[in-house]
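The two complexes that follow have chain A in common; it is paired with chain B in the first and with chain C in the second.
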Partner chain A sequence: MTREVQPRSATRLDSYVDRYAARTKGMTASEIRALFAVASRPEVVSLAGGMPNISGLPLDVVGGAIYDLVRTNGPAAMQYGSGQGDPTLRDQICDVMRLEGIDAHPDDVVVTVGSQQAVDLVTRIFCDPGDVVICEAPSYVGALGVFRAYQADVVHAEMDEHGLVPDALRQAIAAVRASGRRIKFLYTIPNYHNPAGVSMAPQRRAEVLEICREADILILEDNPYGLLGFDDEPHRALRADEAEGVIYLGSFSKTFAPGFRVGWALAPHAVREKLVLAQESATLCPPSFSQMAVSSYLANHDWQGQVKQFREMYRERRDAMISALEDLMPAGARWNVPDGGFYVWLTLPHGLDAKAMLPRAVTARVAYVPGTAFFADGFGAQSMRLSYCYPTPERIREGVRRLVGVIEEELELRETFGTIAGEPHGSVERGYESPNTDLS
Partner chain B sequence: MDALNGRIVVLAGGLSHERDVSLRSGRRVAEALRDAGAEVDERDVDASLLPALRDDPPMCVLPLLHGETGEDGALREVLELLGVPYVGSEPAACRAAFDKPVAKAVVARAGLHTPPSVALPHETFRELGAAAVMDAIIAAVGLPLIVKPAKSGSALGFTVVRETDALPGAMVGAFAYGDTALVEKFVEGAEVAVPVLDTGDGPTALPAVSIEPDGGVYDYTARYTAGSTEFVVPAKLSDELAAECARVAVTAHQALGLRDISRSDLIIDAEGTVWFLEVNVAPGLTETSTVPLSVQAAGLELGELMTDLVRTAVGRSSR
Partner chain C sequence: MTREVQPRSATRLDSYVDRYAARTKGMTASEIRALFAVASRPEVVSLAGGMPNISGLPLDVVGGAIYDLVRTNGPAAMQYGSGQGDPTLRDQICDVMRLEGIDAHPDDVVVTVGSQQAVDLVTRIFCDPGDVVICEAPSYVGALGVFRAYQADVVHAEMDEHGLVPDALRQAIAAVRASGRRIKFLYTIPNYHNPAGVSMAPQRRAEVLEICREADILILEDNPYGLLGFDDEPHRALRADEAEGVIYLGSFSKTFAPGFRVGWALAPHAVREKLVLAQESATLCPPSFSQMAVSSYLANHDWQGQVKQFREMYRERRDAMISALEDLMPAGARWNVPDGGFYVWLTLPHGLDAKAMLPRAVTARVAYVPGTAFFADGFGAQSMRLSYCYPTPERIREGVRRLVGVIEEELELRETFGTIAGEPHGSVERGYESPNTDLS
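Presenting the complex of A and B:
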């Protein structure tokens, strides 16, 4: 081996460190992300990730459709396509949206790489640094990441069991405007909210629309879970009652499969034009192959029957989680009973901090997402998101059992030291901690 | 140097809080070994490991597991049971090194300076009353101080406490990672890491790496975010201080009965006293870790060095 000591050098192990855009501030390693590396192991009951459970998909049917697609239409499927998206699929998307009361024209639909990209494109065309996006408190971690990337400021408005609180929205609008800042849109997930698990009540929908109409604020309605309700017909979309003031986002990730990465935006005409241009600069076009595969699935398979099966499976898992929580959780813990979607929002007994507790949970082989991930302002420490979509009912119960053990140990520790879960004090670094990529 | 004739199993991952760091170390070392001509399998540690080692015994195992199981000697104990050669320290030495209070006591007996500290389990605070115990700790150790889990790495659960009010939260943070917390006087000074290698000719210190995190504290984010810490290697030290750091690291390595590779984390205060903080028997070998920087500064290639360590381990087992 050569052993010639090299001259002294100083390094930051990143030769580009002085060249990154300001928006990368906060893109750092974090303890929370590190802990989630363990959650992927089978020994851990992960109540953290939001991966759709697609084990019930008829893979033979999907495989056959893809085979036929390649055989009959391969050259087109593997070629560039329209920046706005495949016309046949856009037509089918309008049929899907009709289930939620939306009457739309395919010309106003832009296909995107999952609805996540639609959030990105909308933010890209609307937000300058320092502009304000109003979000529910809590809000979807993936959207908060997009807003942060475009250096938009997030102002949260309170939710309750009926969704976004209209008075809180009014107050947020007034406060932002009094501070001289511009509100670019309200970002809302009206149905089976991620992470809060609640849906906006019908009367609230009308009121929120009215508030935004009066204040001239655009609504970004993100609706990936809308067809996954357990009890009733799908809720009526905000976009169904307001065409000009709402951009609606949809996705096939939960109703079909996330691997195709097909979502869409339905936007007023002028906005749609800009979205297409933004889409073309981002990706040239959404993937033709995925779009045509989804289109074939919708055309040739009883996709609504499949969604019904998904709903039944998720309902069974929801029931397992709620039953386990009711049986096992200590006094002082509170949670909602979702009527659709993937998530339960659990608030811990007073004094506990879900983020501080996570290492203990990982040791106990159970994972969740601490509430702080869903706030842009450091709040949410006493809460966590529990996901029931993926594990079996038996594993869900086991996960809750482990979690209860962790909470009891933490209660004992907090009793000893008397510390209280902190909401942020003083100046708080704006940020989010996306623990993983499977949170959509 | 001749390439090795046999398969090396690089173990990385595991179920510890440092799984992510371990996977990064494993990937980097496996790549370096392949570049050096070795045949390498990368494996996680799970129920399929032992049957695989038994059915198709490798020439050598390279455990790059950080945190419990990997560094506390447990996995190495099992490798001993199987009779599989492995790189690194024996189980008993790992147990002592991984337990920071024990390691501090051992190196103190060997004449090294280590900051005053106290290690207490959660139970003690509950039985005696946390406020009274914390008062006693502050009176004895003084502020500022550092609270950390007695057994962990990568600065997980680590808090610098500068005000009395912050101590309870810091204790809770450390107890989230384990039942015993170490409260140690915070020594202001230059932080350096000193690897020690022994490829058969006795332990030798590699060049010290000085660590200057942007935020002042070398926490998890500073450790694993490229660009957030400045490393200087060899550290800007007088010849005397550089030699003293090397002596301290080698003494710690020997006093704890370590073998093959270790990394000591040290602080040099304003008076030039070198303080031992902790030693790692499976030091990080990621893209942002200090050991690879020191290896490079010593004029060595990581792959060749790891090959040499493997050769040493294989030679040891055949004796």
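Presenting the complex of A and C:
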């Protein structure tokens, strides 16, 4: 079929530019987004994306389970469902959370369109413009985007190799309150942090819970990677020790597959009621078909055995990345060794700027996400997130080799001409003391 | 498995009550929602819901198409996709819209989680608190909920049997502008209106477009029922004659099945870019699996033949409802005869209040939605929405019989005691002149 309408130029004027809501000014294309177009070219080794590698999923099992679902329960799977989500799936979600020590009732679970939508709905019901969300430094780029879209202010609190630093949290709370602003919640990713790659130590968890209890601050615990540890039993969730003060977010995107967009929020009862109203307003209900497909997969397949396979695959890739970094990286670069999840946080030798360097890296056919994407305040230019979840071990090593080539060129330029891209930006404006972007 | 946590009482205090965002005050359970629990009991004939009847869908065809999808394209269907939606599906969506005279490019389409999410995203990018959305009187309850959740003010403009009344639109625009407020868009359902059951006449369409062009007002054209006309070719969309000033919303919920939650927005290019950013913030991307399942169904099945079957089924049910109303309703009740879609708008004899009468109707085992649900200003108490989409013709007739019994009791009470439930509420506060809730 011919299309008579031509694609329009992206550069023409936007006749609606004066009519958007104030919040829309905060909706800008993220640094990750701009990268996707380039990084998806086959010749580029992308260490940028956070796509899980689902090639190990048994397609015949999944296809068969969904075929049976349509044949036996198609009219329900294809109909509108409850705004809160499918009751059977919510029951299974409680079984999943039990692996992290959470004892919950399915009545307090709300199914969402991926856990991204859970972040959106929680922010929607809590945040007025100018309210403050405390986030780790660095924090998940997708959550920062949500907070910005609701015109909430992000205040970062430092992390180290044991996760969020309690004293930094105390200082952030005190500073925000001294400024007269309201803190709506602490957003934290305790396990296999995106992008920092670290987990919150057990003693830290107790301390963070205690600080938030005392300061009467709600915790938003985002946990997409909790079952993807390489060595240990799953860490105990913050929610396991505090039911009233924590909203817990989970997802099947990394333990099963992201294309169904099934995540959830577990919330105190009154908050749960608001979340359901927000969900009904946003979508009427999450997709019945997706939910019942996930439910059917969980019921008919050894999903925990599958997660074990995923963990082994990701560990092998983590090993490939770490050994390549150890073999090839020049002195002065520092990184952490994650014990689960998808990410390594790498800090460049002093004076290098990961954001400024990115175009040269892409020219050298390797992509990463500059650290600035993970800060609301421009910090992080000396760092980058490297993900090992998607490429093969061979490609990971090749990607690191290319990256090292670019870094070495930058170092040579720096020696020849002095600082090449200026000091990392944002180092003056940042709202916290000495954030540690070296998490190793 | 035993559950050690008890379900909590819904009546306990909400310890978060002082912390919600201002917008959350506008999120309250709708009248439709409160009805669902009652109306879903099997002994109740529900003329309340808007669920399409999808029992005619060929489950073997759908199941087979999805099985093939998983086997041949599973890794893509289960992976993250584009925030804008699947390119193949967006191409097919353009073919669907062509049936209503729309010549569009897939690059201007954004896939959403049902068209409900499209209403949410459009409102998100355009409406600051206090901005005005002009809506028909009555209007879709789910859209009114979105506008309330974004703290936009709804101003109604009268409809009659030919749809939105141009003079009422002119007056609403003038009144809002005189008050110094900003109009962000006109929200309209031109075809087989929910809940009014009427379609906008062709001459009206040209006039409404001209008024909005002249006043520089964006039109949000919501069209879930456009292909479900009983007699005619599909009406020509407003978007077919105005590309820059109209955002068009479509859905597969009524032409295929709602459980996939696949709808879309077709928007001017610059607006489309904002919608994609809003979608990425809200969900990262709409569900790949749902989109590819719908795409596969469209490609491998005579979906237009299926829609023809749906139309014949709904016409039979419309006939059953209209003939029952004609046979049984007492003098003074008035209703329209829809030529498509799911709904009849019925206005009770003078002095009766549909909202006050509802508990008695449910006791008599019939449910409907009181007209007040479809007004932002409390108007509509004398009217109700009756839907004929889901029950069988026999059940529809039985439902009308029960409803007539309740109305006759009310009339008797009124004769004996005078007005029983007060005059319809809201008749003083409404913000427009003489809205016509009698659309017949």
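Operating definition for what follows: the second predicted complex is superposed on the first by the 396 of 440 C-alpha atoms of A that agree within 3 Å, B and C clash if a C-alpha of one lies under 4 Å from a C-alpha of the other, contacts with A are read in each partner's own complex, and residues count from 1 in each chain.
The working rule: a residue touches a chain if its C-beta (ideal position, glycine included) is under 8 Å from a C-beta of that chain, and two chains touch if they have at least 3 such contacts.
On a predicted model such as this, the values are computed, not experimentally measured, just so you know.
Of the two partner chains, chain B and chain C are each touched by A:Asp14. Looking at the shared chain after the overlay, A:Gly332 reaches neither chain B nor chain C. In the superposition on chain A, A:Arg360 contacts chain B only, with no contact to chain C. More chain A residues lie in contact with C than with the other chain of the pair chain B and chain C.
When the two complexes are overlaid on their common chain A, residue A:Pro202 makes contact with neither chain B nor chain C. Once chain A of one complex is fitted onto chain A of the other, the partner contacts of A:Arg414 are limited to chain B, with no touch recorded for chain C.
Using the contact criterion defined above for the overlaid structures, shared-chain residue A:Ala257 touches chain C, although it does not reach chain B.
Shared-chain residue A:Glu43: touches chain B; no touch with chain C. Shared interface residues of chain A, touching chain B in one complex and chain C in the other, are 1, 3-6, 8, 10, 12-14, 16-17, 20, 28-30, 33. In the complex of the two chains, the chain C residues touching chain A come out as 1, 3-8, 10, 12-17, 19-24, 27-30, 33, 51, 54-55, 57, 59-60, 62-64, 66-67, 69-71, 74-81, 94-95, 103-105, 107-108, 113-114, 116-117, 120, 124-128, 131, 142, 145-146, 149-150, 184, 218, 244, 253, 257-261, 268-271, 273-274, 277-278, 280-290, 293.
Put simply, chain B touches chain A in their complex at residues 1, 15-21, 23, 46, 122, 125-126, 130-131, 154, 156-157, 168-169, 171-173, 175-177, 207, 220-221, 223-234, 236, 287-288, 293, 296-301, 304-305, 308.
Every residue of chain A that touches chain B in the complex is listed here, in rising order: 1-6, 8-14, 16-17, 20, 28-31, 33-35, 37-38, 41, 43-44, 356-360, 362-363, 365, 410, 412-414, 416-419, 422.
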